[in-house]
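What follows are several structures.
Paired with subunit B in one complex and with subunit C in the other, subunit A is shared by the two complexes that follow.
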Partner chain A sequence: MPTAWQIECFRDRFRSLELEISRVAEKDHPYPEPDTIYDALKEVLKSRLLHFNDVVENFELGDPESERKLQGELDTIADQLDYVAEVFSYADRVDSARIPFEILRSLSWVASTLLNEDCHTVVRLDAEYNYSILSCRREFENRGWEEEWLAALQKRRSKRKREVEENTAEQSTEQPVTVLLLGFPSYDAGSILLHALAAHELGHEIYYRHENQILEALDQAVQTVSAIGHRYHDELVDYAESNIKKPSGSGRTDDYDKSVNQVRAKLLEFMKDWLMEVFSDLVAAKLIGPAFIAAFDHIQLKLHKTDKTHPSGYLRRQIVHEYLKQALPHIIQDDVWRDLFHGVDVVNKPPTKDSGEPDDPLMPLYPVGEEICRLCLEPLSAILEDDKIPSPLKEEERIAALLKNTEEYIDHLAPPSVPFDVTGDPLSDVNNFWLLMYAAWHYRLNKSHFMEFAKRFGWAEDLGRAEDALGNLVLHGLESLELRFRWNQSRRIENGNGPHTTGAVEAQRS
Partner chain B sequence: MVLTQQELLRLREAEWDERLVIEPFFPDSLNLNSVSASLDFHLGNRFTLLRGRRAAQHDPLSKERRKDVIVRELFIPMGQAFALRPGQIVLGTTLEWFRFPYNVMAYVNGRSIWGRRGLRIATAQAVHPRSSGTITLEMSNESEVGIRLKPGVAIGQLIFHKLDDAALKSEARESTFAGAHRPILGKYKPTKVEELLLNLE
Partner chain C sequence: MPITRMKTAANPYAPLAWTTSKAVLALEKLRKDKSIRDDELGALKEVAEQLDLLYEASQISLTDPNKNASPYMEPRLRTSFFTLLAIREKSLPPIKLPAFKEAGSILHAIHGQYKDSNNPEDLDPAMLKDAQDVCVEFLEHLNKQHPSVTSR
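Right, the complex of A and B next:
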């Protein structure tokens, strides 16, 4: 049974978390989104503290059943406090002046249109060299904190209502609201081109729209590789023999069936995460072509690295290459991207047995996992084809003309967003975000062109400065596109045509 | 020759040598019905605050970093405001990115509505041909009360001049601030003459 001292320690933990969250909330962040997260966490602490007090008060000393129940409740509360600390750690360090805050509105705009959700993005500088995404709404829901999330949103709405007299935009929709926390490598805080990876990260969120179909495809592929006669069948049997304990007293047939089921379960342990990565890669390829791989190469230097959450960089680019050959052949034929796919051959590349960490028990299964990913390419492509996200890269002639125009602007150190048409229609205008990123990476990877650019402005000896200037042009371009979009929308309202609505609002109406 | 708004519109469509780029550009901000010889620009979101260390003084010539002032960058989103205190100086930027052709330069001017309230927005007013980037504004409050500034406000105007010298066309120009997006203090680069004069004993 917990002592009075232990109870006191619990209370201290509640107090210190609440104080720290309040202290960080005082910091100067340009946008209100982090406050929503902090408020929601404080709501969680408040409700858990009430529950804690209730549990402690209702405990009956000397009743073994009551003592056992109390211990169980306290363990759950301790876990919840750990979760609060974990989520808080994601939402900390979001106020650094090194963050290019200009991009947040564009990212929010893009995410809201793609995900049918009112998305607000926040960038957190990460000590790890990684680009990641976390939907706070989903995170709070997964932890059973929906009520606290909604209470924090309500608080924010009321505050905003007090601040702004007419808040028609927020009152007119009842969409779900989330804050997307983008983890960004601290060492490259100002690198704008790395935000091409947002296409992959948003793919994670789009994955949830199709999760059931994707898991069906996975199940089918697992059955295929474990079937007798498949080239990986024997390997799976070997793995079962040496890694999985057989229950004593069972017959040979039972043994085999159980082993197969256990191996399948082991495969599924990591394959769900792998397929999420592969699917998100395909979403990114559809939106921005190979440009996200160029950004990915900045983040992950070990292309062979395989673990239970990510397949190897080699496999991923093999699959993207194959997908682009079928879906966007004119893009993959462009020589500029050749280096990114050097040596990639989906059919002949042998699976990499030695690519995992030496002490990883799942390592022998990774080659099988790679085969499963390849088998899933076709169904995943079909799922993506059916998704309503249009590819901005479909029209070959338009892309060629756009690249020519944007190159001219960058050559002359002028924002490459100028030649883009902005109509005020969110679904088509949002594509400009991806096209601009695509054009920027296309320019960056065109070696002779980029060197000429660097030389022209005196940066030949310091290509980093040339890359910074390119990033500045892109950042300014993205900001301008979003402002021009807002302007066109406001003009439409003024002219009595009403705003173009997002897909989300239209879907809701229907 | 001072350029009219009609002429500025023409330059936006000119060949690259003579093209003026303004992004974002809102055509409605022009007043083409009257003869106007300036173009309004808007305040951007980035500010750089200068703070002194104890006994600090501006000394851009010094190579010792600690003697100079500390800078603090600030991002103010659209819809929010920034208060400039009396006597305070901050660096800001234009919302627009300007790319000047070889034969056009401009002067940065404040707008009287702000000037009458004590706001100065530029001391180094000339923007040279071939410049490209957002324009850094050296903003100071010379009044006795604070001035509330919101990004997006039309804070100043550019008066464009055309240079009549074809020889400039072939001349390349390298600017320390080319392609800049944030307001920075910049490093002092002495000219040859300065190097001589400053090292005389």
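Right, the complex of A and C next:
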């Protein structure tokens, strides 16, 4: 039961967290976006402290009934403080000198157009070998902190408005509605080609547009594999029987029914995460073809690894391969990508006990989960087809010509942005980001051509340096495309035409 | 979610736990004839709705061949279905769950009466105690839910 000392420790925790967030917030940053996150976290702390003080005032120590309630309240507050510390840890270290800040404007541009949301990107170096994009607005909403997020945004807007009024030469702009926290492996801080994975990560946000439809498809697939006669039906029955740990006393049949119910619910639960990954992979494949798989291979070396949040790398590439065969056959037929799909034909082999954590109780359900993913490919593809985002890779001849032109630029160490048309149409222009990334990976995986490039400039013994050079060219190309787009937009505004929008964007907004 | 697994994960039950803890405090204040803030009154309504959904979720059977039972009929119901599942998994048999339906009705009544009168003295003390007991028990269940950091 709680003690006066424990309550004092809570007060200390509130104080230390508030001080640390303020200390980091007051440091000089290369950009202002993290301040919104720090302000929002301070708002969360403020409201939790108000609640804590009320709790201490209303529940007395020494009375067992009151102490039980107090314990429940303190446990909840302790969790909230842990979550504040966790989110703060995401937003700490966003100003490392090793961070490639130049990519951020391009990523913000792409994200804002795809997601119809004002997105500003900040990057942090991750000690783990991983790549992530976290929408702070969604993260705060998921934690029940939406009011605090909105309050922080409002505060930033007011501050910005005051600054603009003091400096009349500057145009007033709205603050971002969300801040995207890009987590990037510290070890690969300079790798630009790795940002092909942004296509997958932004796919997670697109997933939420279609979540209900996707879950309906999942529900249908679970019913299919559970039906009598399906090859996984017996496995599910065996699993349900072995899942009865302790008889409840209400009879074996009743226990079995409850167990089957629980097994299906477990399937639905972890498959939601798996399908989010599979759908995001399909979004990435639509935007950038197999190029994101090449970047994925830099991150995930154990392709057989399966857990309750992510299906195995083999299954994921098998599904991407199947999708591309249907949706973009001219892309998948290109020999350059062949190595990435080596082994996809052997993945029908169910996951073994080495595939997951040794004590993972869900392991027997993973083969069923893989079957469900395959069953869902068709409905997921249909959902994606209906989404308004066009694939930049649709036109076969145009892609072939673009690859040829970009190769010529890269061969001569020139940023390969000139071959791309900038029309002022947001969706079409933003597709240049993906096309350039696609072209860069195409160049990188063309073994003989890339080796020639490396030899020509003296990097044959160190292909990593050649890849860095390619990455730098891509970075300059992306910056140039983004600047050309903004130039085009501002020219239209100057001419009184307003920013160019497309029918697709209007449709999405409506 | 990152491209591969991560060690940390948000607790999906945390927002509900927070709202429930606000409701427990609000009921305590009302029992002491103190007035409550708007956000605390809102928490009473929200928890009442959640208890209704949990009752509805407890009626779902995924094995009933006569029903096309699906927790995906409505997103909030789906969330409640998995909340209930998580509570059951963390409880030792025989599992005795709080009386969601009755507690939901009582909380709706408390919310309605206080909203109309703004006077805690108008409320029935026995009703307040019953509602708070269920909320405390429910909060204890929710506080047991933490995502595993090892298997992600």
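Keep this in mind: the second predicted complex is superposed on the first by the 452 of 510 C-alpha atoms of A that agree within 3 Å, B and C clash if a C-alpha of one lies under 4 Å from a C-alpha of the other, contacts with A are read in each partner's own complex, and residues count from 1 in each chain.
We take it that a residue touches a chain if its C-beta (ideal position, glycine included) is under 8 Å from a C-beta of that chain, and two chains touch if they have at least 3 such contacts.
Keep in mind it's a predicted model, so treat the numbers as computed, not measured.
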item	value
Overlay on subunit A: subunit C relative to subunit B, clash or fit	fit
Inter-centroid angle subunit B-subunit A-subunit C after superposition on A [Cα, multiple of 10°]	140
Partner chain in contact with A:Glu269 - subunit B first, subunit C second, else both or neither	second
Touching partner for A:Glu139 - first (subunit B), second (subunit C), both, neither	second
Partner chain(s) touched by A:Phe457 [first = subunit B, second = subunit C, both, neither]	first
Contacts of A:Thr309 with subunit B and subunit C, given as first, second, both or neither	second
When both partners are placed on the shared chain, which of subunit B and subunit C touches more of subunit A	C
Partner chain in contact with A:Tyr131 - subunit B first, subunit C second, else both or neither	second
A:Ala469 touches, of subunit B and subunit C: first, second, both or neither?	first
Nearest Cα pair across subunit B and subunit C, whole Å	26
Overlapping contact positions on subunit A, where the subunit C interface meets the subunit B interface	none
In the complex, subunit B residues that touch subunit A	16, 19, 21, 23-26, 45-46, 72-78, 80, 95, 97, 99, 132-134, 172, 174, 178-181
Subunit A residues touching subunit C - in the complex, by the definition given at the top	51, 54-55, 58-59, 68-69, 72-73, 75-77, 79-80, 83, 86, 128, 130-132, 139, 142-144, 183, 197, 200-201, 204, 211-212, 215-216, 218-219, 246, 248-249, 257, 260-262, 264-266, 268-269, 273, 276-277, 296, 299-300, 307-310, 357, 359-360
Complex contact set, residues of subunit A against subunit B	30-31, 97, 101-102, 105, 408-409, 412-415, 417-418, 456-458, 468-469, 472-473, 475-477, 479-480, 483-484, 487
Touching residues (chain side subunit C, partner subunit A) in the complex	1-12, 14-22, 24-25, 28-29, 32, 34, 61-63, 70-72, 75, 78, 81-82, 85, 88-89, 93-94, 132, 136, 139-140, 142-143, 146, 150-152
